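We call the chains A, B, C and D, going by the order they appear; numbering starts again at 1 in every chain.
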């Protein structure tokens, strides 16, 4: 029968230990949510980056701007396409169908019959080979069609990227606060336990128990309670994520695209109970050792 | 009753040696001043003195709960000044204390309380069961083995405390008013326990107010008065010891 | 000297009471953040609603769509303006200057010289009197200019509104969780205190103290600690809000407009410490009363 | 010493009346069975019996910490069965208890511990100061008024507990082994306190193992054995009472 592992401190069922458990549950739950927000914004940024980096949109002014020369522009578009198709840096190039241009402009110009007759600019989507600079291609385009406009989407990406990064940072900061809260909780709960069991600990000392034996008990207890609390927190997180995903699906996917989260994120979540447990164990051990040094 | 386990680590010289020890709690008025004391192995002493004279304080120096304000303290031949906490724990395992206020663990049964020193010393559980059961029967608590201290009477708690102090067959036994809550019949039976251990080689110190108890045993008295310790002769002449034990 | 108000339970400085204080700090801090997010999304919705409800945008097709009749459209615009200026439901009406239309289209069409010559549709902004339906005005416009398109911004508002409402709901849910956490914390901390002080309480009973005296002490303690913690939480919240506002300013104001928060929000924030205190007091009182009934 | 505060609420009949009271902790073996007891006002009884006989248990019925398993208990003329918790608190304020394990509040000074019953009864602070100071001097703790219990010796704690029990000049005093940790000189002085209160009209019950103490006072003995309570005559003849008090 192992004495230190079971029976000599009544810490298994005291208020403080149950308290650690449920508080860790709440903290891990919140940390999981924050981690998900952070991972989601990260994925979102990557998604946008991926769909935008290495792409250019070339805009060739509308065909009817100069009423006298109605056929000027198809020539410009053809020139641009011709240049790009043989350019070494270009991976893929295609003219955007007029219907898609109309759809893009719909929020601004409406979709009535009137619009379908509008003189719209021609758009060409260009995909560059990975790692190439946009400059060479841009120069080639401008040479072929001086009136063309080249947009590399940077302004827009920076703007939304700032927002997403801000959200991610707040989520990260929240996780930091939660870790600190966890440590403090364990320290306080351990101190409460120490106060509650001061007499018991003194007796144990007086009959020859070592500091390590006693600190080890508190630490093991904290490890167990925090890990259990962490698992409960994840158990709470799973359905919550489901509900949030359901709510998010009601929002337009252009606003919140359905990006997948990296495997590392799920690994992080799975490790949260362990992290909480180890953090709690460490905090308890240090607290108890320090307190014991002032005792008999 | 039989104590059938391996002996404690042997040592040379006196069990306890105090050299001009002072103790004061607030740094000003000394509770003990210039106390010299040598307790040889296998000795037996009463410790007397008025209430507040410093009996419990002196004992707490010996069981290493307090440190002398001045002077040196040797236990089992080792100087405790500057000893590590683990070292102190090791020394404490070799002595047994009956605290004036018992200090039992309320969440453990009487049996587990008595077993505590053995378990901390990692004694095999079979031995623990045998020794603890035998000892609890001796002090008259065969019925109360599974009772927790809050459900024990005052005298029953005191007997559990005594059993816990002697179960490890320590080389030094310090008993602080160990019979204050039991009647005379039980008191004599408990004293017999200390006397047997003393005969087997332990050094025993019993602090008490109970003059009638002191007068029944032929042991010298350590008397505390005004912080000074003096050795007084037994109240009962040594010749009659055979009639008692 | 008042006995019950100071000295007979050593609860002022025990671990549990300090614990309540800092945990309430964290909870109130998070509640304040959540309340702010909720109020901000509310204000945002109201802001959008206000700037959009009761307004219409009338789009009159571009002048050159039919090359044969180059002067058709100014007539249509004039007709629309004429009808609206005398319509009883209309508060204000104005033609959007061409420069502003160009600016609106800039993200889509670029800003080159080519665009400035584009045949753009004419836009008319209409503000309706509060409480009037858009139908009557729309009918009048369609009668005056059958090719006009009327946009009351509903689709867009609904889309973004959904998102903002979702965020607000999550913030509200968070506040609910926080309130629950606060209650549980106080209950657990009080139980820990009760366990720690069980002997003291028993003695107080045995010398004649009443349950109310004892429960009152715990409740007053909880009130004080939670209120203090709440104030600390607000003290932490103020600079945090500043930092977030700073971060938000880096984001485009079209994404996060600088809307003011309602006075009720600040009142709610100010009341958080009091709410926390009262909640804590109630939880402590109930917990202690129930526990005392099982004691001597 | 003078007790100069207003008298407790008067009542008719016996201070304590037990009618065929049973008490058992586990529902099976009774600790007390069919105990009948009437303590008249201004009475004095010793309570004797072996360790574990049920002395503390009987007292705990009287100070309302336990309820009889069967039978009825009247205190100060009032039946406690079904009394509200506030009513019980009111009754408890009219009695004083010396617990076998003292039950002092460690976070309060000796002075504040003794003052506790007065403050709970909302006695003016000037009166509190005077009474508590006087009483602590009487029990020999003039020096220790501001000391907290953990820094007091065993006998000092016991005296604080006694002072707390009598400070409110209660109509019923229950003392459980009140002199187990003090020497005989102090014990007699403390007994004199109980005797004085008894003469002033309080009913006193002193549970003790100390036969030499019992034999010095001419008071009847309540004796517990096998759960039965019997009334035994004083060990000392009543005639000599004048020489003691």
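The definition used in the following text is that contacts are C-beta pairs under 8 Å (C-beta built on N, C-alpha and C of every residue); 3 or more make two chains touch, one makes a residue touch a chain.
Note that the structure is predicted; figures quoted are calculated from it, not measured.
J.: Looking at CA centres, what chain is most distant from chain C?
T.: Checked the centroid distances; the maximum from chain C is B.
J.: Chain C to chain D: how many Å between their CA centres?
T.: Here the centre of chain D sits 65 Å away from the centre of chain C.
J.: In whole angstrom, how far does the Cα centroid of chain A sit from the Cα centroid of chain D?
T.: Roughly 70 Å, centre to centre.
J.: Nearest whole angstrom, what separates the Cα centre of chain B from the Cα centre of chain D?
T.: Centres of chain B and chain D (C-alpha means) sit 31 Å apart.
J.: On chain D, where are the residues touching two or more other chains?
T.: Where chain D is concerned, no single residue meets two or more other chains.
J.: In chain C, which residues are in touch with two or more of the other chains?
T.: Residues of chain C touching two or more partner chains: there are none.
J.: Can the chain contact pattern be summarised as a line, a ring, a star, a complete graph, or none of these (other)?
T.: Contact pattern: a closed ring, each chain touching exactly two others.
J.: So which chains end up touching which?
T.: Listed by label, chains in contact pair as A-B, A-C, B-D, C-D.
J.: Using the touch definition from the top, list the residues of chain C that touch chain D in their complex.
T.: Residue list for chain C touching chain D: 1, 3, 7-8, 10, 199-200, 202-213, 293, 296.
J.: Contact residues on chain D for chain B in the complex?
T.: My answer: residues 25, 50-52, 55-57, 100-101, 151, 153-156, 159, 176-177, 180-184, 186, 209, 211-212.
J.: Once bound in the complex, which stretches of chain D touch chain C?
T.: 63-65, 85-86, 89-90, 92-93, 97, 99, 103-105, 107-108, 112, 116-117, 119-122, 125, 164
J.: For a test of understanding, state which residues of chain A touch chain C in their complex under the given definition.
T.: Answer in residue numbers: 14-16, 18-19, 22-23, 26, 59, 61-62, 64-67, 104-105, 107-110, 112-115, 117-119, 121, 147, 149, 151, 156, 159-160, 162-163, 166, 169-170, 177, 181, 184-185, 188-189, 191-192, 194-196, 244, 247-248, 250-252, 255-256.
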